[in-house]
Every structure is written in C-alpha cells, then in structure tokens.
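Remarks on the structure that follows.
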Amino acid sequence: MYCTEEPILKVNNMVKQFGTGCSNCFNLEEERLEKNYCPCCQTVYACQGLSLELYEGEILGIVGESGSGKSTFMRCLYFDQEVTKGSAYIRAYKKGQANIFEQNSQQKRYIRNQIMAMVYQNPYLGLRMNFSSIGNVAEKLIASGNREVSYMTSRASELLNKVKIPSYRIREAPQNFSGGMQQRVQIAKALSNNPPILLLDEVTTGLDLSVQANVLDLIKRIQRELKISMIIVSHDLAVIRMLADRTIVMLNGKIIEQGLTDQILEDPQHPYTQQLVHSLL
Amino acid sequence: MKAYNFAFFDEGSKREIRRATVKAISIPGYQVPFASREMPIARGWGTGGLQLTLSLLGQDDIVKVIDQGCDESVNAVNIKKFINKMTGIRETEQTATATIIQSRHRIPEVELRADQILVLQVPIPEPLREVEPSEYITQRLHADQEYSAIWLMLFEQIMKHNKMTTGADHPVLVHQRYVMSPSPIPRYDNCKLHNSKALILLGAGREKKIYAIPPYTTVQSLAFNDYPFQTEDFSGRTCHLCGASAVYFDELIDEESGHKYYQCNDSSYCLQRLNQELL
Amino acid sequence: MGYVAVKGGSSAIEESIKRLQYQRIKAKKKIDVEVIQGTLRGLIDKIMSESSLYARELAALAIKQAEGNPEEATFILRAYRSTLPRKYYSQVVDTEDMRIERRISAALKDIPGGQILGASYDYRHRLLDFELYEEKIEDLEKLLQEFEAEGWSNSEEEASGAKQKTSEHSYTKVPKVISFLRAEGLLPPVKIDDSEPDDITRKSIEFPTRRSARLQTLTRGEAGAVTALGYAAIRGYGMVHPTVGELRVGYLPIHIDYPLQEGNEEDAVYIGEIEVTEVESLIPQVIEKEKGRKEIEFTVGYGLCYGQNETKAIAMSILDSCLAKKDLLSPTAVHDEEFVLLHIDAVEASGFISHLKLPHYVTFQSELDSLRKTKKKEENHESI
Amino acid sequence: MQRKRRTTILVKGSMELARTLAEEILERYQVQIIQEPQQGLVMVKMRDQSQHTLFYIGEVLITECKVQIEDTIGLGIIQEQNPQKAYYLAIIDSAYNANLFETKAWEELLIREEKKNQELEEQERLQILKTKVDFTTMSL
Amino acid sequence: MTIYDPHAVQKAYRKLIDSLSKPGTINILDEFRDSKDIKIPCNDSTYLFMQMLLDTEVTFHILGQNSETISKYVSQITYAKSAPLHEADFIFLLQNREAGQLVNAIEQCKSGELINPHQSATLIVEVEKISKEEKYQLKGPGIETVQFMNIYEKDNWIEARAQKNINYPIGIDIYFLDPEARLLALPRTTIIDGLT
C-alpha cells in the first residue's frame, strides 16, 4: 500500500523556532537545549528538523504529549505559521518539484484551498462562527472555485448530515452550537472538496465518546472511499491506534520513533513510547 | 486676488494623479493608492472623481457632470461650477457631446464612445470592506486573489433570502483577476462596464485610491452559475414623460392620488427623447 | 432645445449662497481679519494645527469666511494648501532650540530650568467675565501702559532700557527633562535616525506604518478626535499609563538650505519662527531581558503640534505610545493604527459624514428593488 | 556676515532696516525682478525627541521673491504673506551674492539690529521667568 | 532649456491614456516636434514624457550614450533623482543605446509585488519606427478583437517582456516612441503574438 511508490507529501528537515537563537543553541546537534528550550536566549525549538513522508491513501498518526511540537508541525504545514527552515513537496503541486514553503502567498492560498484541508483543535480557528453552517462548509468549496449553489448546498447538507448535524439546524450559525457540534461542522467543511491531503489536529478532543466513535468511523470511511491521505495528530494513542496505518512518536520537537502502528503498539522501542503504550493498556 | 492655476492644481499635483492613473489603466480593477489632494469641496462629495477630471481636462474638452443620473442635481451643478471657474471650458448636458463625463452613482443610458472617458466618484473603493475592516488585510487578500469571503457573503444571502440581496455597488470581477467595487451604481448599470467602448476611471478621494476599467475589458458581476446576477426589475414600467421603457427609473409618488409613477432617472436622456419627439 | 429644461439645481445653489452671505452680514457687524488675528489666538492655533499649515493671517481670514466654524475654516485652509507649490523642505528642526514661553513637568517637583507657567488658562477660574462687555480700546491701552511700567514691552525703544537688567542672565537653552533622565540611564538610549520621513500628503499612508507617518497623521488630527481617543486610552481602553514628563510651549526657528548655491551650515536662510506645543509623556513598560529577567523601563510618547494646543499634544503623546505597542494579547481600538489614524482627520471625517446629505435615491431605489423581491419570494413561499 | 545670521537679523528686525538697505541698492543698480513675490510652502522636518527619528509636522506659508542685479541672482524668503519684505530681502541677498561694496558698510547696521532683537527677546524671557514657580525652602 | 507649457503636457498625457487604454493605437505627439533647444540627444516626445512623469517623488534611469551627463541634466530640470536600473520608477532608453540594453532593462527592472503591483518600473523606449504593419498581433484588455503592430527594434524584447509579465499582476508597462513622434503603449496585460 506504500513504500514502493512516490510519497504524496514529503517533508525534509523542517525547523520551527520561536526566538532568534544564540551561539549556545546555534547547532541543534549538540544537545544544549533543555527539552526544546534554549536556557540562554529563551528560544523555543518547537520542531527540530522533522522529516517524514505521507503516502497515498494512508493515515499517518503523530502522537506526543502537549509541547512535543506536533501541532506546530501541522500549523506550519498548513502555512498558518512560517517555517524557520526546511522544505516540503506535494506530488499534486507542480509535480512535486517545488518547495511549498517557498511559494508566494497566492500559491500558498491555492495549496490550502485545493490540495489540503485542516481540522483545528479549536473550532474558532476553522469556522466563521456567525455564518450559517451550510455556508461554512460551502466556503471551502467556494475557495476552490465552485460557483454552483445547488451543488454546494447539497454537498454541504450531505456532509453535515454525515457528521450528524440535524437537517433543520444546518442554516444555523455554529456560534449557537455546542463545542462538539462545532467540531463536526469543521470536519464537514474540511472534507467538502475531497482534498488529497487532510490534516487533523486533535480532532476528536472534546467530543463525547459516542460522537467520537462516529467521527472516527466517518474519517475511516472517507479514507477508504476516497483514498484521501491524512495526517492525524493526537495525544491520545487510542485514537491513533484506531485510525493510523503508520505512527510517528514525537517528544520535545523531535521524532523519537516511527513505524507501522501495530508494530509500535506491540514492540515500542523508546522508553517514552513504552510508557505511552503501557498507559493505554 | 490670487489667480489659481488652470484646473486648480499646481502641475505637481496633476503629475501625481496622472502617474497613478496610468498604473490603474495598466492593472485593470486594481486600486492604486495616491496622495489625494485636499479639495475645496468636501471629502465624500466627489473629490476623487473631481481630482481625476481636473488632471484630465484640457482647454478643448467638453465636460458633463451628473449626480444620481441628473445634470441638474445640486451636487452636479456645484461641481460643474467649480470646474468652470477653474478652467473656463465648455459644459454640456448631452451625453454624446461630452468628452469627459463625471458621474456619481450612474452610467448614462446613451452608450459611450471610444473617444469619451467616464469618471466615476467612489465613496468606498474596497469591495471587501464589508467582510474585512482592515486595509492591511484586504490588501493581502487582493494580492492572493482570495475572494472566498465576499462570495460567501453572497452565498449567505441566498441561504437567507433565496437570492442575492445586494443593492447598488454589486461587486464585479475585472479581467479575471481583481474583485472591484463598481461604485454605488445600480446593478442595472453593471453590465455597461463589460466591454465598454469608453475608458472608465474611478476615483476615491477620501480613501485615496484610483482604479480603472480600460475599454473592452471583461467585467463580470459576481454571481453563482445557478443564481445568476439580476438587475433591478422595471418590467412593465414606462416613463411618464417620454414613454421610455427598459431604462433605470426614479420612483415618484403623486401627491394627490398617492399613486406611484415612473420617470427616467437619466434626465438628459429623457430630455433628449422629448426633444426628438418635438421635432 | 425646444423642451423645458430642468433648472432647479443652479438657481437653488445661487440662492443658497446668497442666503449664507446674508446670514454672515445681517447683524450689520463686521470683524476685521487683523482683529481676529489679534484676539482669537486659541482658534487660530487650532486651525493651523488641523490644517497643517502655519499661516496666522490666512487662518484668521478663513475664520472670518467660515463665520468662526472651525471645521469649515480648516477645510478652506487645507484646500488652499493644495494650490500652493511646495518650494522647500526645512532643515531638521530640533526642539532643543526652542525659545520657551512655558514649560512644566508633572513627573518631578522641580526641574533644572524650573517650572515656568507662562500664559496658561489652567489657574484662571472659569468664571464668565462680565467686564469684558465693557472693554474699550482705551482700557486696553491703559492696561498695556501698566504692563510696560512693569517692564513688559513690545517696542524697540523700551528694549534698550532693559539692557542693564539683562546682562546678568545671558540667554540659555532650558535643558529637557528627558535628556537628563536619559543621561541617568532611566530611559533607554536612542540613536539619531536620519532616514527620510514618510509624507502622507505626498504618498498615501501604508500599513503597517512607519513612525513618521503616524506622527504626521496625529499632529494634523482633529483636536477633539485626538483628545477623545487619548482619553479612551487612559480611561480603560488602552494599555498605557502616562505621566507628563515635560510640556513646553515656545518658538522654533525655521531654516532652509540656500537653494541657489551649495554652502555650509552658516549659509542657511532663516525664514521665521513657529510656535509649537511639545509633550513628552513617560510610560512605564516591562521589558524582557535575557534569561527571563524582566525590567521596567520608561518609554516616551511624543506629542508635537502647531500653536498652543496642550490637550491635543498630550493626547497625541498617549496615542503615539499606544500605536507603538505591538503584540498585545487583546489589543483595543486605540492600539489599532488603522482605527486611530484613519479616523481622526478633520476634513476626511466631516466630509464623509456630511456626504450623507447628498441624494442617494439611485442606490436607495436599488435597495428597494432587492427588498421587494425578497418580500415577494417570501410571500410566494408562504402561499405554497 | 554670513547668510544665516544676516537673514535672522533681517527677518526678525524692522521693515525700516530692510527698506534702507534695499533702497541703497535700488538707487545705484539696475534690479531686475525674476520672480515676483509669490506664495509657497516650506515643509517642516522635525526631530522627534522620543526616538530621534524625523517626521513632518506640516507646512509653513512663505512669500518668495527672486531678483537679479547684473548677473547675480538673489533670493528673499520670509514667513507669512509679506511681499514687500520678501522683495527687499531678495535685493539684499543679491547684493551680498554680487559682493557689492555697499554691503561692507551694512555690517555695523546689522549688528546693531541684532542687538536690538536680542534685547527684545531677552526682555520677554525675563517676563516669562516671572511665572516660574519658586520651590526654595525658607530656612529659619 | 525648454519647459513645456502645462497645456502641451496635458495633451500628451491624454494621448498616452488613449494609447495605453487601447493597446496598439498609435498616437502622434505632433505638437511637440519643433523645439530646437533640447540639450539632450533624445526625441522631443521623450523629453516631453520626462516632464509629464518626473518630479521629486519618483526616480529614473537613463540608458544611452552619455547617460550620466544626461541624467544630471534631467535631474536639474525635473528634480527627480536618478537611481540604479533595478530601483528606478521610470527607465528611459534612448535611441543611441547599445544593443541588448532593452532586454537587459526589462530583465533587471523592478516589477512590483503581488501586494503592490503598481510599484513596478515603466519603460519609455525610443525605437526606430512604430507602425501598424501586421508583424505582431495584440490581445488583451483595451482590444476588441485583435490589433496589429510592428516595432522596429534590434533587441528581441518580446520574449523578455512576456517572461517579465508572466506572474500578472506583477509586471511592467512599456511606452514606445519613435522619431516621428509616434506613441504606442503596451500595458502588462497585452499579449503579443508574432505573426509569420
């Protein structure tokens, strides 16, 4: 299912730092940081040279505690934050020849609108709270160039239906909804134009257990039906176990372990991973 | 008594407006910032249009000024008076005779020619202002051609009212690139922007922007495929003076009977028809 | 044209202007420009500052023409500015060279050079003075004589008499409060920055702005608007708590480089002097130092405007520091440079507000059409 | 005397002095007006005392005049509407530029005027100082 | 030195607007062909354009023989400052320039950014001759169907211009002038196709 082919997304040596850096932390190889933090200049190295590949149709899980850099990684990938260093290539964009981090803002918008979608942990980042839910889902379709109201409304209704927003409420604004419902609207929005790559940041955090199962189900189904490649970030190994084909474990801005999810669950190598797996059992 | 320069401005001021204007023509629909001089008429009363007109005018020009479709509206008369005082050039009320037409909120009914220039006064040039108050951000949205928000606004109108509910100033897409405010012209006039034979210049004095639609340029009113753009509906109505139909009308109420009746909004067009009738 | 043309507009305008003229003269009283210039100093200062044109006599003329309406007078002066060529730029004017008329500090009790009250309204009780009803030129002359007896003088002859008394005090510059605070290290050191300032009257303002564009916009802002926003900033809608380090009123000499040939500093041309009000507000701010150490430093908010406009200059110094603060977690409107800078201009604000008086029946008709269509749709909907 | 000091004296000083000097030249030389006294603007560049950057506070109305004596141009600039004095200043400037011998004798007049100007300013300063708040503590 | 009367500048400006808003339209600036005392080796109409466009607020760059001397002179007359090729707002290419300088200027000059595409250079180019011969076909805003033109110029500038304008709205606008005072203007939106 993977490995033999070209990855759909390839990230090389991505660095994201907050702060200017100093002579102490100039060379990240030398391990002079306290966790991901330089005690001299207070620079935080949220991502310290991350490299990974995403293959067509797979779900890649990233698991780690809060502060491990997994969410920053997602935001950088979706251009919400500028990377400090590094490159990334998407097969569907300029035949995988162009470093997406170096594109101009117009091209980055294009990639956001056409090739990727993101579901944020905080629904306020992903939704216009005072617009109708159906409008929120349509926005993504509009952004990718759709100008057909009837298609957009039926597509939006279908998706809102799928995430269990009752039909009579789809014209309501998300600000009237519960946190869980807002999250489901966001998922519907992200899925609306079948992006080849979907980014999910702590997507089920805050949902009821029953809803959580539904959503996870939905994600699984979408992935199976449409072959969308996904990166899912979670602190919850249970979620990762349920969804991810492959898993990356992050700690203090670094990848400490990666492999097939089953493998990692059965035979964790790094002490931190072992601890994670044990707590799951 | 101090004598004013021809067309009010010193030559340096004209030069700056002209430099902005040529850039505006070169990038259709893009709002070129300019310094915008302070004028003897109030900001918001057509200073952008007036600055353009004064920077264009020469001794051989014949100028027409209209406000709300009417040559005799007080504001139009006032601007015309000022232009006349500062240049001494000829004025006209006939659309066909004019070389430069400055207008607020209307495009004349008579089709403009290639040798004419239409100058439109603009109060708020930023089509995205309704969805984004910050200039810093709207500039970036234009740069990225990111117009989802304004489309979404129209989509939301359809969700609520089953149709787009814009009044005047319905946004347009120019040369497939920039979303532009056509100034508060009625939707009825939007189609006159598309492939116009005359150059159209738009000036916003207070907001300090100049933009342009060159002749024969694609101008599409924003609309969805299945919810087409609709102009104001005057079907079945005729002008009570000249009998014209299919033009933009003013709606009037008879003081005695309380009945509604209609009259051409373009007063010069109406008068021209009446005079033809008379001959 | 054979048909009757509509002639309503032109004649109505003519009559309206006549009516205006009538209003100005109907009381059969006239005021001379030199009387305005000699008596309405406060209004002239306000109008010069808001029109960003230093011209006392023209300001007085504008006041006469506008019947004392400051909004209108500023407007007239601004428009006149557009017709004059800008011939030169002055050499850099440094307020260290100010000929002081008044200077006070709220930050310190006594300051080198002293607290000099000068001419101020602050300590005169705001009691209506009914005696002014009776004021005659002779009274003024008599009063002036008394002043002269005390040594006040405007005339040259009197000046020579003062010679003996003055020899002991040679004219010296009064040191600035922030200069010695700086020398003591209480203020962060600053470097001279000679980069060319932006000019918002020549190139429209761009966001984010440079400091030069902010200061220029603030100094020509409408006094009431600048004051209102400055007030909001210290009342609770801003993150600044200022102390007036120093407020000065005084005269500054203006020089230009001699345009006909190159020369040295002494070849400059002196063209006259301008009166300004200058304010430096001190605002404490927490600065992050290395290794998480935090220190409190003073930052200086700066206000400078034409004429004696003290409230405006203080408010300007507050807004200057509000706009310098970036990266606030929950910024309020007074920290938003677009909000502040785009809304304080007298001519722009009054122009756009007053444009609502213009007819809008074309746009209104268009809105009406939309409204009716939605009504129709809804009715149809209900009947189904 | 160099221009900065000279123009300061003349602009601050009396119209009388400017007229006296200019008329001396007018009597003896052909003075051609190149530019009639004309209004214009000088943009004032300020040093802000907080950051030591530069900004524009606004413009100052000036009257400017250009004259020519023989081959030498002179310039008169003065604040506000003051066409007559601008004209005199231009003549005086031109005389200095042309190095006319008359200018040698002006030195003394100018210095005397300068003193007068300074005395006036000094006197005003002393009056203003009367409004200075006195914080001296009385010792018993 | 000749300072053109404001009315002459105004007339020329209107012709520029006409040519620019209808690319391919040739206007003749014939009122301005007889001034004898221009001290720089350029067309009268080029000199007129300098007066129309330049002042203290903008910068320019001149390419041609003795460009330094000429720049100094233009600065004195217009108060505009001369600037390096890649920074200049207006670039004047005189007829006596070297081969390759036009293409080089197109490649080097500033073309604005997405956020401020108007901050791009404008080129004013003297060429041997401008005509309506059907050598090139023009399309784009301002043109109803197609327009034709020919520009006699050694440099192969068409490809360089197309490359420069590839990321519309970023791009440059070029005004061509010939010794017969013909004016033809190409905004960045005009697409040029060579005809064989």
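Labels A, B, C, D and E are assigned to the chains in the order they are written; within every chain, residues are numbered from 1.
We adopt the following convention: contacts are C-beta pairs under 8 Å (C-beta built on N, C-alpha and C of every residue); 3 or more make two chains touch, one makes a residue touch a chain.
Bear in mind the structure is a predicted one, so any value in this text is a computation, not a measurement.
Participant: Would you mind checking which chain's C-alpha centre is most distant from the centre of subunit A?
Facilitator: So the farthest one, by centre of C-alpha atoms, is D.
Participant: Counting C-beta pairs in contact, pick out the pair of chains that comes out on top.
Facilitator: C-D
Participant: Please flag the chain sitting at the greatest distance from subunit B, going by CA centroids.
Facilitator: For subunit B, the chain whose C-alpha mean is farthest off is D.
Participant: Using mean C-alpha positions as chain centres, tell me how far subunit A is from subunit D in Å, no decimals.
Facilitator: The separation of the two C-alpha centroids amounts to 72 Å.
Participant: Which whole number of Å gives the spacing of the CA centres of subunit A and subunit C?
Facilitator: 52
Participant: Measuring from the mean C-alpha position of subunit A to the mean C-alpha position of subunit B, what distance in angstrom results?
Facilitator: 47
Participant: Roughly how far is subunit B from subunit E, centre to centre by C-alpha average, rounded to an integer in Å?
Facilitator: Each chain reduced to its C-alpha mean, subunit B and subunit E end up 30 Å apart.
Participant: Touching two or more other chains, which residues of subunit D qualify?
Facilitator: Residues 39.
Participant: Specify, in ascending order, the residues of subunit B that touch 2 or more different other chains.
Facilitator: In subunit B, the residues touching two or more other chains are 5, 12, 16, 33, 139-140, 143-144.
Participant: Would you give the residues of subunit A that are in contact with at least 2 other chains, written as numbers and ranges?
Facilitator: 105-106
Participant: Help me check something: in the complex, which residues belonging to subunit E touch subunit B?
Facilitator: For this pair, the touching residues of subunit E are 6-7, 9-11, 13-14, 16-17, 20-22, 52-53, 55, 57-58, 113-115, 117-118, 122, 141-144, 168-169, 173, 187-189.
Participant: Using the touch definition up top, name the residues of subunit E that touch subunit A in the complex.
Facilitator: Going through subunit E, the ones touching subunit A are 114.
Participant: Show which residues of subunit B lie in contact with subunit C when the two form their complex.
Facilitator: Interface residues on subunit B, with respect to subunit C: 4-5, 8-10, 12-13, 16, 33-40, 42-45, 47, 67-78, 81, 93, 104-106, 123, 133-136, 139, 161-163, 165-169, 184-188, 206, 208-209, 230, 232-233, 248-251, 265, 267, 271, 274-275, 278-279.
Participant: Would you tell me which residues of subunit A are touching subunit B in their complex?
Facilitator: Residues 105-106, 108-109, 113, 128, 131-132, 134-135, 138-139, 142-143, 147-150, 152-153, 171.
Participant: If you look only at subunit B, which of its residues touch subunit E in the complex?
Facilitator: Counting only subunit B, the residues touching subunit E are 5-6, 11-12, 14-16, 18-28, 30, 32-33, 55-59, 114, 117, 139-140, 142-144, 175, 177-178, 195, 199, 212, 214-218.
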